[in-house]
Amino acid sequence: MFLTLVTFLPLVAAGILAFIPKENEETIKQTALAFAVADFLLSLQLWADFDLTTHKMQFEFNVPWIETWGINYHVGIDGISLLLYIMTTFLTAISILASWEVKKYIKEYMMAMLALGTGMLGVFVALDFFLFYFFWEFQLVPMYIIIGVWGGPRRIYAAVKFFLYTAVGSLLMLVAIIWIYFIVQDKTGVYTTDLMYITQRLDIPLSTQKWLFMAFFMAFAIKVPMFPFHTWLPDAHVEAPTAGSVILAGVLLKMGTYGFLRFNLPLFPHASNEFLPLIAALSIIGIIYGALVSMVQEDLKKLIAYSSVSHLGFVMLGIFAFNHYGLEGALLQNLNHGLSTGALFLIVGMIYDRRHTRLIKEFGGLSKQMPKYAICFMIITFSSIGLPGLNGFVGEFLVLLGIFQVNLMYAALATSGVIFAACYMLWMFQRVMFQELKNPENMKLPDLNFRELVLLVPIIVLCFWIGLYPQPVIKTFDASVAHLVDQVNPKNFAPGGAVHAELKPGHAANGKSEVKE
Amino acid sequence: MIPLSHYLVLSAMLFSIGVLGVLVRRNAIVVFMCVEIMLNAVNISLIGFDNYTDQVNGQIFSFMVMCVAAAEVSVGLAIVIALFRNKPTVNLDEFNLMRW
Amino acid sequence: MLSLAWLVPVFPLIGSIVTGFFGLRIGKDAVGKVACGSVALSFMTTLIILAGLVMLPEEHRIYEQVVFTWFASGDLVVDFGYQIDPLSMVMMMVVTGVGLIIHIYSIGYMHEEYSYYRFFAYMNLFMCSMLLLVMGNNFLLMFIGWEGVGMCSYFLIGYYFEKKSACDAGTKAFVVNRVGDFAFLLGIMYIFKEFKTIDFTSVFAAAPNTLIYGGEAVTLITLFLFIGATGKSAQIPLYTWLPDAMEGPTPVSALIHAATMVTAGVYMVARCNALFMLAPMSMMTVAFIGGGTAIFAATIGMAQNDIKRVLAYSTVSQIGYMFLACGVGAFTAGIFHLVTHAFFKACLFLGSGSVIHGLHGEQDIRKMGGLKKYQPVTYLTFLISTLAIAGIFPLSGFFSKDEILFHSLVDGNMILWGMGVSGAFITAFYMFRLVFLTFHGESRVDPHVHPHESPKVMTLPLVVLAGLAAAGGLLGIPLIKGAHLLHHWLEPVFSFDMKAALDASAQMMIKEGHHVPAWSHLLEKEEHGLAMEIGLMLLSLVIALSGITAAYFFYIKYPTLPDRIMQGQWGYELVKNKYQVDEFYDATIVNPAIEGSFFLWKTCDAQGVDGAVNGVAKTIAWFSDQARAFQSGFVRNYALFMVVGFIGFLIVVF
Amino acid sequence: MELLIFYPIAFVSIVAALLVVFNKSPIGSAVSLIGMMLCLAGIFVMQKAHFIAILQVLIYAGAIMVLFMFVIMLLNLKGDDTAAWAARDKNKLLSVLTGVLVVGVLYKIVDIATRTELNSPAPLTDNFGTVAEVGKALFTDYVLPFEVASILLLVAMVGALVLAKSKVD
Amino acid sequence: MDLIPAPSIDLISLAPALVLSVFGMGVLILDLFIGKDKSILVFISLLGLFLTTVVTFAKGGLPVYSFQGSYVVDHFSIFFIFIFAISSALAIMLSVNYNRQENIKVGEYYSLILFCTVGMIILASSTDLIMIFLGIEIVSICLYILAGIRRNDARSNEAALKYFLLGAFATGFLLYGMALLYGATGSTQLMKIALALKTGKVVSKPLLLMGAVLLIIGFGFKVASVPFHMWAPDVYQGAPTPITAFMSVGPKAAVLASFFRVFVHAMPDMAESWILVLSIVAVLSMFVGNLGAIAQTNIKRLLAYSSVSHIGYILIALIAKNSLGSASLLFYLLAYAFTTFGAFAIVIILGRRGDEKLEIDSYSGLAYRHPVLALCMAIFLMSLGGLPPLAGFVGKFYIFSAAIKEGHVPLVVIAVLNTAVSFYYYLKVIVYMYMREPAGEFHPTLAPLSLLVVAIAVFGTLQLGIFPGPIISLAQQ
């Protein structure tokens, strides 16, 4: 119940905002921020109460929703989702604060932002296929509106592309969900969309697994985005307002990787193993390709967007290493990417607010004019590069270590990403912050103000924290990851495709009902 | 007795002529007449089947068809008249205000 | 006492934070004091630790201190822990000691700078990272330091960030280093795969029983590690960043690009001696790359006109010697040279800094000359260090270099030795070329510039370093038994039981069903006479002297000769242009990468991948137009379509 | 014997139907249509559906066709189809296609009809097709359709009124 | 002369149709005695619809067959009557203001809607081909008239003419199909047809197939499925907007009910042939509907094409031909009713006399002038697209479930891809409303009844989307 409260609090807040007259801009902003921060604090409480020793879902809440179909409102959280969840509340708060200077339709903006919050949180806690899909699609709309209304000049193109691209994938997933629904019904005679129940019982031949895997893969790979499906991302990032980009990079992309962890791996372990070469190849291409393309970008946001493609390649690779290091690395890298790329977008947004351009060639030598900005930018840049001691490194290392256990070649190719990361980030940093301060327009730029510092400092602190002492974070993953590793271990499924022996009848099966034919 | 197939063939031929008429004529009223040919053609089949199975359904059906035809004609011609008031033509090719 | 170890990197870190964040508020003096003070505290703590270590019995001279678990995943546990043993002790001493001196020097050298605080923040941060590098008890902690120093190096090279060349150099340094790091990371991962741990002690202890002598695993691991080392230590093929790194302020060059950071590779190879010893092929590679770099960089050094660049190439070359030593198994010699090199090269750099300072930023030796009368202290210290690097008895360089040459012949082969010796000749030549052109002869200084001696805060460090450069050789006096202090000190680290390792490998191979090759010859040690050693010493001395003489001949006696001879010679041009290696890399790697990336972006991404996506959209739009076109508005067309549909269905059904 | 009557009537009805389609003047078409309907009434008689045959004459040929004629006269439609008919040439492809289509349909239907094995109707009961028989069915088994048809006619009446009344509101 | 035995007439079964007919005639008569103000007629009509719904539940012990098995009251038909009542009521409510604005002062208007509803009820309850034919004709004739009711509007006329001619043409096919079906099976009653098919007492298989194909054409035309959809955009555009909304929901639902009965109930034993044809129709409908809609600039035409594509989805429910299929059909139609009426209500509200604001670009910036209207419109469009948590999504989910259960995965994949395409044009409208600056002024006619319709539609859309449970249970009976 508490989890539900935390999940829906932003939506409630959005509802409350609707009743504040739109002239009271300050009140609107403050209310929105207050709710977002409150939500963040409440979500921290979840972490405090979290039991690290079990992979089971916690804070579960399960009530029938559409009884005739066996659809439940089933939420819960485990080590895999907990920190993503908290990061979502965190970034929502950050994004709202980052949007303080939004000029037009501030009320609608804040409402969209908060509604988006609930949508994203829901995705991470939903333990029912239907509910998951519900949230998965639900969050599209506010994001679409945010990009489309408050975005840049090509915002409509970007927003529509974002929406359609994601929709195509998720609709295929819908087909797969329904398919699974009937497979389970055939096998157990129970109509249910309960994820926990299905995960334990789904036992399907490899050929079917492959199809289903592909359907889910499409949905998540587009969201991640993996290599050939990534082109919506640069457009969306470039056009989205700052906070939109932060959320997009910080949370939305994570929903894709989360989907792989929550659905593809446990549900189709055999197919996952079969598809490993393909996904590894795509991830590696993504890593290198993203980095190379990023290197020659002229627009800062586009550069960061492509760098996301590269970073998410690491995450995917870690996931498909199927071992403890890889998975934990991937999860950690998820958080890291959220923080550092989110912060990079904030940073770019700050300079954009001042100069109304993001073209690299317009800048140069800014560190002289804006030393505080330079320091923040520098730290985040290095965090993104994966400098040890900052957050990026541990995750990246674990991912690489994980994939190394699988295949030396994969690891070697992926590791080359660290070289390219240095290339594009540093080259960009050099051209923006270093060199001569030539452009007269840049000579009177004000340094960061208090609000902007408040935005960046927490992220920077987190970067250092995760970089220097990630143990609390990794521990949170531990039990769930261990379980997941077990699930995808080829030893645990028979050649025919049977999943695992762990079949506890009655567990998580409440609230299901037979459908009368 | 005349075999059923004779009736069916006649019915089919008349129906096709009706279809052809709808396709090739541009005068709304003539097109409508062609529709009537089609309905009539069907009646032959209906009663032919009746004949074959010794039932009354077909005749009732064709009775209803006549009702329907009458109703359609009254409405259809009313439409044509209403149309003609606004635009004095019944040439179908001149009615494409709405397209694409 | 040893438990104070964790403090050593903490002091500079605090110093860095204080100077970095509050530097502008507390003022320049305070910044200098804080920065130097923190390093001094570090140095003193190191001394205390040294004392503690010395007091331990020899075989127990290893102390591990785990501060906290950095991260753990599955069976991977990475501690944030320190390892104090003789090898890291040596490094800590060098780092904190030389570092302290250079910090003090910097107070004077950087005094005019506005962002003085920034400089010291970076420098302190560098100290912290470097100490982490040498003190870490596992590969990843070493890697933190490894990357940390790289980052600081990046910032310090790009310290004058308004100069594009400085920024470029910084970026280049970082990126090239990353190439090395890439391999280093792979090495670490490989090690973990084989050993399931990355702690130094466990890995090295388990190595002989885990890896087969000369096997694929160990060879790959060591090669990966060595590639990492070539990046950091500027060896072929990744040396190109170091000369460019001279864009940084001179103290930086002295500290990072001469004394400490660039030798980290040597440290790492030496640290992993237990692995390298198992991989003869890698050892050979190390030796040849080292020897090759030594002579290659030296030749480039002959034709450079920038005072710092000459020194930079000299550094590359000297590190080559260190690798040569490591490659032939003479790790002690390598470390010894590392130490002495730290002294004399730091002194040389600081001296050159003093010269530049005195000339208000002039770095071109063609615009110097005759400076010895303006800058006597600088001259003297510079000369001492030059003699040391040239290997003149009894200065430090003589001992360390000679030991390397000796081992390269005894444990290596004639080719390696030949490389070393010819390198030594060239070194002597170009170093004296530098001295002669800078301090001797006619003054070619720009008349507007009035050279002057540097302030005390700069010259004092020079003197200290010169003293060390002169006396450093005492650490490893050859020939006399027991006088080689360093050898004795490092014994516990570098004692590798080859016989046991081979036996273990043989057993593993038998277990795996492989044929065990004959390894017995590896254990035979050639006995060499004292006479040979002395002979070699004399020979190298002669060579050094001949190099100096040559330089004298060319640059003092007949100053016009070089130009006349060299002008238009392709060999000279080649050397002068640094063998066109940078251009080669640009043409084969950098430019294709950038052009390729543009291609990927503009063609593959925009037109290919995105083009496909938009193509789908366009196709749909096209179909949409077609679908619309059917909707002609004519009733009869609609009827026609119905009939067409009807026919279609008939065809389908029947 | 019956075939001798059937064929001529069928032939005439087909010709009349074709005339409806190909007659240039609407009046001509209408007259041909009446002819066709009368022929069909004959066919119905042959099928012993006397009641329907009567209705065919009364309602179709009588009431409905009169309405047609009336409207044609009212709107004074004549000849303006000729130009349109000529314009057909502009769209030759379409005409050819149409023709082919219709022939195709025809072929198919005829094919199916002849392939059915229903060659001889069952012997009919005596009162087949009589007014009494049909009327009885209409008021017992088919009373509902009959009533529904009344609604249909009511609607049509109202509709015709609404659409055709001259007052422009 | 022997008397004809009095037929057994089950008035209770007939009650909904009877009540409504009475009200229809009452409205017709009352119209003669009142003046220009027709609002009393609205009230009476709504009352009639309400009573109809009430008496629908009069019959117990379902299903009940009456009139020799040609009329049935079952859950299926009751649910449909419910849908009809809602759609007619909403249409009438929408009409009030629209008629005032467009100066349509025809009292018969309301009675025609009521009679049309009677036709729909008959259509949905009939299990006899003759009845079905008559039902379809009642519905069609009412619609011909209603489409052309703006007599002095050229578009309205043209719409009526096109609809009428093509409708009559299609009626010919339908009739022929019924005739052949009758001929092949010897009965016009669906149950007997099913029985004949089951026992193999079919006179001629080809004749049957031919009949089925012809029926598909007839029904296909009435529900506007490709390739018999071409009237739909033109007629939707030309007809008065409330009628457009009405047309795209109620009559379509009624025809679908009958479609379902004829094919799924009467011809399950020759399913493989008609499933093939229907699959083609469904796929074509989806593609042509969605592709056609993309290029539209007129909101009514856009919605028309969209409704074509929706027929494509709905036909999947027929193809599934299982119990889930019928339930999903019901649910989908109800969801579609709410959503479509909502969307058209907004269209009507935004228009005013002489400026109907039918071009999509006239919606530019609506969200900033009338955020609530824009939000409602967005909800309806997204529901049409099938986005959770809206009714359209649950409906689609339901239909896809039914199809996947029968193994029609490729069909469903095509459907979802089409859904994705459909998002494009729904989004286009939203883009105009939300992402463009206001181009002109808006003068929405915020009539209370129209707003009530919007409110009901929003409520229905959300209710069916978020808590569809009760309605699903109802549909599954």
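In this document, chain identifiers A, B, C, D and E correspond to the written order of the chains, with residue numbering beginning at 1 in each.
As a working rule, contacts are C-beta pairs under 8 Å (C-beta built on N, C-alpha and C of every residue); 3 or more make two chains touch, one makes a residue touch a chain.
These figures come from a predicted structure and were not determined experimentally.
Considering every other chain in turn, the ones in contact with both subunit D and subunit E prove to be B, C. Under the contact definition stated at the top, the chains bordering both subunit A and subunit D are C, E. Comparing mean CA positions across the assembly, the chain most remote from subunit A is D. Just count the C-beta contacts per chain pair and the biggest one is B-D. Most remote chain with respect to subunit E, judged by CA-atom centres, is C. Of all chains displayed, A has the C-alpha centre closest to the centre of the whole protein C-alpha set. Computed centre separation for the pair subunit C/subunit D is 101 angstrom, with centres defined by C-alpha atoms. If each chain is reduced to the centroid of its CA atoms, subunit B and subunit E end up 25 Å from each other. Chain centres here are Cα averages; for subunit A and subunit C they lie 38 Å apart. The distance from the centre of subunit B to the centre of subunit D, with each centre set as the mean of the Cα atoms, comes to 6 Å. Annotation for subunit B: residues touching 2 or more other chains are 8, 15, 18-19, 22-24, 26, 31, 48, 52-53, 60, 64, 67-68, 71-72, 75, 78-80, 82, 85, 92-93, 95-100. With touch defined as above, residues shared between interfaces to two or more other chains in subunit C number as follows: 628, 631, 633, 635, 639-640, 643-644, 646, 650, 654.
Contact between chains, per the stated criterion, is found for A-C, A-E, B-C, B-D, B-E, C-D, C-E, D-E.
Within the complex, the subunit D residues that touch subunit C are 94, 97-98, 101-102, 104-105, 108. The touching residues of subunit C, when paired with subunit A in their complex, are 20, 68-76, 80, 140, 143-144, 146-148, 151, 154, 158, 161-164, 167-168, 170-171, 174-175, 178-179, 181-182, 185-186, 189-190, 192-193, 593-594, 596-598, 600-601, 604-605, 609-610, 612-613.
Of all residues in subunit B, those touching subunit D in their complex are 1-21, 23-27, 29-30, 33-34, 36-37, 40, 43-44, 47-48, 50-54, 56, 59-60, 62-64, 66-75, 77-82, 84-85, 88-91, 93. Those residues of subunit D whose C-beta lies close enough to touch subunit B in the complex are 2-3, 6, 10, 13-14, 17-18, 20-21, 26, 29-30, 33, 36-37, 40, 43-44, 46-49, 51-52, 55-56, 59-60, 63-64, 67-68, 71-72, 74-75, 77, 80-81, 84-85, 87-88, 95, 98-99, 101-103, 105-106, 109-110, 113-114, 116, 118-125, 128-129, 133-134, 137-138, 142, 145, 149, 152-153, 155-157, 159-164, 168. Of all residues in subunit B, those touching subunit C in their complex are 19, 22-24, 26, 31, 92-93, 95-100.
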